[in-house]
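I'd like to ask you about the structure that follows.
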Amino acid sequence: METLHFRHSTKKPAAGSKPMAVIGVVASGNLEILLERVLPPDACEVAIETPIGGFGDVWEAVVADFVARAQPGGLRISINDGGARPDTVSLRLAQGARLMEA
Amino acid sequence: MTLADILASLFPHGHSVTVAEGLVTGQGSLDGKPLHVVGIDGDTPLGVEGALALSAAVLDVVRAGDRSPILVAIDSDSQRMSRRDELLGLNECLAHLAKSLLLADRLGHPTIGLIYGHSAAGAFIATALATRVLAALPGANPSVMDLPSVARVTKLPLEKLQEMAKSTPVFAPGLDNMVAAGAVHVVLDAEKPLDGQIRALIAEMPKSDVRDRLGQERGGRPVARDIAERVARQARG
Amino acid sequence: MTDWRSEKTARDARIAAGRAHAQGKVVRAEAVVDLLEAVLKPGDRVCLEGDNQKQADCLARGLAACDPAKIHDLHMVQSGIVLPEHLDVFETGIAKQLDYSYSGPQGSRIAKMLYGGQIELGAVHTYLELFARYFVDLTPNVALIAGVSADREGNLYTGPNTEDTPTVVEATAFKNGVVIAQVNEIVDKVPRVDIPGDRIDFVIEADKPFYVEPLFTRDPAAMTETQILIAMMAIKGIYAEYGVRRLNHGIGFGTAAIELLLPTYAEKLGLKGKIATHWALNPHPTLIPAIESGWVKQVHCFGSEVGMDRYIRERSDVFFTGADGSLRSNRAFCQTAGLYACDMFIGATLQIDLAGHSSTVTQNRVAGFGGAPNMGSDPHGRRHPSETWMKAGHEAEVVGDPALMRGRKLVVQLVETFGDKLVPTFVEKLDALELAKKTGLELAPVMIYGDDVTHIVTEEGIANLLLCRNADEREQAIRGVAGYTEVGRGRDRAMVQRLRERGVIRRPEDLGIEPLDADRSLLAAKSIKDLVHWSGGLYEPPARFRNW
Amino acid sequence: MRIVTDPGSQSWYEASARQRVAGLVDEGSFAEFLGPAERAMSPHLPLFDLPRAFDDGIVVGRAQLDGRPVLVASQEGRFMGGAFGEIHGAKLVGLLRAAIETKPAAVLILFDTGGVRLQEANAGETAIAETMRAIADARAAGIPVIGLIGGRAGCYGGGGLIAGTCSRLAVSESGRISVSGPEVIETNKGAEEFDSRDRALVWRTMGGKHRRLTGGADAYCADTVAAFREAAIRLIGAAPAFDLAMLEAEQSRLEARVKRFGDCRDATEIWARLGVNDPDAVPAMTDAAFAETVANVTEASHDAR
């Protein structure tokens, strides 16, 4: 298992007030994302556990694009990955951010 | 120990226990009171007929209402793997056998499992694991799945699994690991007469299901007890 | 004196030798080897019919069992190398040369044998090329074909999977060749005559019916949100944009998703009757909801599909059927239709490079071409206009006399940026090049050349290559939809942004599509069972696709 | 454009464990115990280089169903096949033990499991035994335990035994209940015994319709969350006791089944003997037609469970 951590600062806090949300399922080619509103409003942390090593650059790019687009300030995001493809990761991140808006 | 050795050691004054097609039924006398025996011998797989024969024997004991103890002696294969058994609802038959033992227990019949050979999977759950206290004799070999099969399913090399099995009792087959998990309460001493050891077990029946506490103490199930208690605590609100 | 009838004489001798093992035209299954050894000559050109859905498997076993001392050095000319026996004959020396089109399941073995020199390869063809060569310089001496039933006169019913049979028989029977047919049963009267009996010389009742694989069945239960998103973009950004009515679909999940979105998503966009009305296509089960909703006017088929026979019989307004009611397919005609009469080919591929060349070759597999390049190419000989064709043509060419401009066929690649096991779809260099070098192929097995591709659709967006004005733009347009692959991450961000402003690259949001709306609830059918319901119980899926 | 669907009409088979719970109980009433944020994850899977799930593949908690308090457990069949690992099993055991104290109107178990998680086999197997004991205790205390089966992974292995211990079971057409899975039988006994790729055979042998017709399940529902909700509410009100009389009745019921159908090779023969007019038509029957068929089969409904 490979563990990755990314820390970003955001210009805005994440929309909404929901304290916690979980989306997705850990399965082959899929992943589970836990979002918790526990950080300062200008910070976002993403922690990933993945069984597939060697994709750190890809994760970094996916997370950076997500943070730039969604501005998820205040969120600690934890990912259990089952070998998802980057497009699936992006989609789940976006779905998670939408859930937190509720 | 063979079943005959066990019965001889358990009932020095004789017994009526018989084995037919691998199914064990009958009784002997312990301290002048009946001790009923049901079980499976000879590494026999447990199918629909076997399960219902054993449950019938258990319900006969319950019907008598005398709160006499029931010994479930097991040397079985796993459940019988066949299209016919599943067609006929093997899951119901095995569950029914387990429920019969659990009802007997609730109605005051001490239930004692005794694994002296092999057992696995559904046959194990429906019989020995459905008793209040499960004892084993040295040399017993309970398992969920043997390591070569685990290797096939998990796609891990057998050598690696064998190495892992030494430090991780949670997945490895064998008596020691089932003891560590708390599933087997106690390993009996084959050198001493069994009647006394069974008598002691009956006298000291745990009041509740203590298997997760044993698993925690013995290290075979490090977190189950704590998790179950946390859930229960939150449920109590 | 020149003998102008030597072929005829030789043919008569072969027939006479074969008759020793036949009663009239009928040969028992046990006598197959004797028959073949009597009819075949060393060095013969032989077509052993191997289609997608219909294999002359009894004859293949018979050929493989022939004595290599008697029958050797054959030149096999057949579209499909599909069964193990198709290659066994090269190991024993029964066959030596090979010209073929497609070798799906035998792809890695054929690569090994090419590499080892056991096969002398003529060429890997597309279907239409091989069929064409049957009539020019690769005419079979003997054709070994398959059908469902025949009568004692040899009148043949191919069943719904007619596929290659008429083409093979045409070339063989009318040029002094011998045609041997295996059938599942010999009957007094065939349901319909697909091949007249005077073109069939011998009929064998096979020991068991030929096996049919459900190659074109895609289970809606396995469709992902990403595939649905890509399908939405294709419908809105290409089908609607160009008004594509006449088309061919590939057989992947992406195009199957499009089929399932027609009665839902496309219907809401008001596209019914405006797109996807006339098809060159196998009878895909996933097309059933669109047919039932009145989207589809007409479908011509290369072959059939397992479980679709009853449905097709009851939908003869849509499908081509015989007087007996069952489907009549024909690969050569349908490929021609796909090449010339369709305005769009849309399908998936495994690898795309920076020039847009694509290949389904993976390391160590020579899968061949089949018909995808026939459909997935711009036919320069086309002379009839359509709105779709002209619009694409105008996008590609902006200077010159309008009267001299011609149209373009839309050739669309529908891919996810990563495939199974995180293997990137976009690469700097196709594996096909390496494979060609290793196996000594003169041409790298490129499925669709970059200059034929007009659009690439991924989950990141649509790249319209028609609008690219030079190789640089083309490369950046491809990188711009290549997602998080190395090729994608290597993009020139500023240039990609400019291409987006020009509409060369279009993102989901540029098309008014919210990626989070790409949900399985959009699928007209979410399971095979739903397809059965749509068909009114007429579709009978094979057992492996059932969960009831 | 968004095609909005009523959560109740969502496919049970397709829904995740969490979606099933959310749609099953009264809206917004579910409160999870040991939720994902508590990160109670398997200590064992990392040894096998396998990813973990925040809830170890089972969601447990309390909710209201039709206004009454219930405890709920929902297995996620897509995570490790919904299999029982140490934490997964312990969460279910803890929930059932709590039921005996808190006396909810019912405990609902949304099965979706292949059985024991091999990487934690001993813990999983023992947890299944603990679960069955806890169910017996809960039932004896008058708390109905209702099983709902219609997920991707089916209800296999020890899951099948737990299901057989429940007071009542609801099943959909996609649901499968069995001890040995088709692949396991094929691996051990050969394809002649069971061709696991013959999916129609799989469903005839262990699928929802067969179980319902033979009384192996007490309700048959359409594959929607709403249908399962309705079935659960109905079954809570009709839970049999856990006593000697019930077990004697079950003994007779199962013995009669084995005697009557023991020589049948295929489910269609059993259905014919049950009085179904056109047994071959059963797999393709619509839910409504099947409900009518079941209504005419006396063996399908009983209090002997």
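Which chain is which? They are A, B, C and D, in the order written, and residues in each are numbered from 1.
Basically, contacts are C-beta pairs under 8 Å (C-beta built on N, C-alpha and C of every residue); 3 or more make two chains touch, one makes a residue touch a chain.
For clarity, every value in this text was computed on a predicted model and none was experimentally measured.
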- Neighbouring chains shared between chain A and chain B, ordered by label: D
- Query: Centre of all protein Cα atoms: which chain's centre is nearest to it?
  - Reply: D
- Which chains, taken as a pair, are joined by the highest number of C-beta contacts? B-D
- Note on the structure: Between chain A and chain D, the Cα-mean centres are separated in Å by 33
- Task: Just give me the whole-number Å value for how far the CA centre of chain B lies from that of chain C.
- Result: 59
- Query: Whole-Å distance, chain B centre to chain D centre, using C-alpha means?
  - Reply: 24
- Item | Separation of mean Cα positions, chain D and chain C [Å, integer] | 43
- Query: So which bits of chain A are touching at least two other chains?
  - Reply: 83
- Find every residue in chain C that makes contact with two or more other chains and list them. none
- Throw together a list of every chain pair that touches. A-C, A-D, B-D, C-D
- Message: Help me check something: in the complex, which residues belonging to chain B touch chain D?
- Response: 48-49, 52, 55-56, 59, 62-63, 79, 81-96, 98-100, 102-103, 106-107, 121-122, 124-126, 129-130, 144-145, 150, 153-154, 156, 164, 168-173, 177-178, 180-183, 209, 211-212, 215, 220-225, 227-232, 234-237
- Message: Show me the residue ranges of chain D that touch chain B in the complex, using the header's touch definition.
- Response: 33-34, 40, 43-44, 47-48, 60, 62, 71, 86-87, 89-91, 93-95, 97-99, 101-102, 116, 118-130, 132-134, 136-137, 140, 157-158, 160-165, 177-180, 184-185, 188-189, 193-194, 205-206, 210-211, 214, 216, 242-244, 247-248, 250-251, 254-255, 257-258, 261-262, 264-267, 270, 305
- Message: Per the contact definition, I'd like the list of chain D residues that touch chain C in the complex.
- Response: 1-3, 5, 11, 13-14, 173-174, 197-201, 203, 207, 209, 283-284
- Query: What does chain C use to touch chain A in their complex?
  - Reply: 224-226, 229, 416-418, 421-422, 459-460, 483-484, 489, 515-516, 518
- What does chain D use to touch chain A in their complex? 16-18, 35-37, 39, 46, 49-54, 76, 78-79
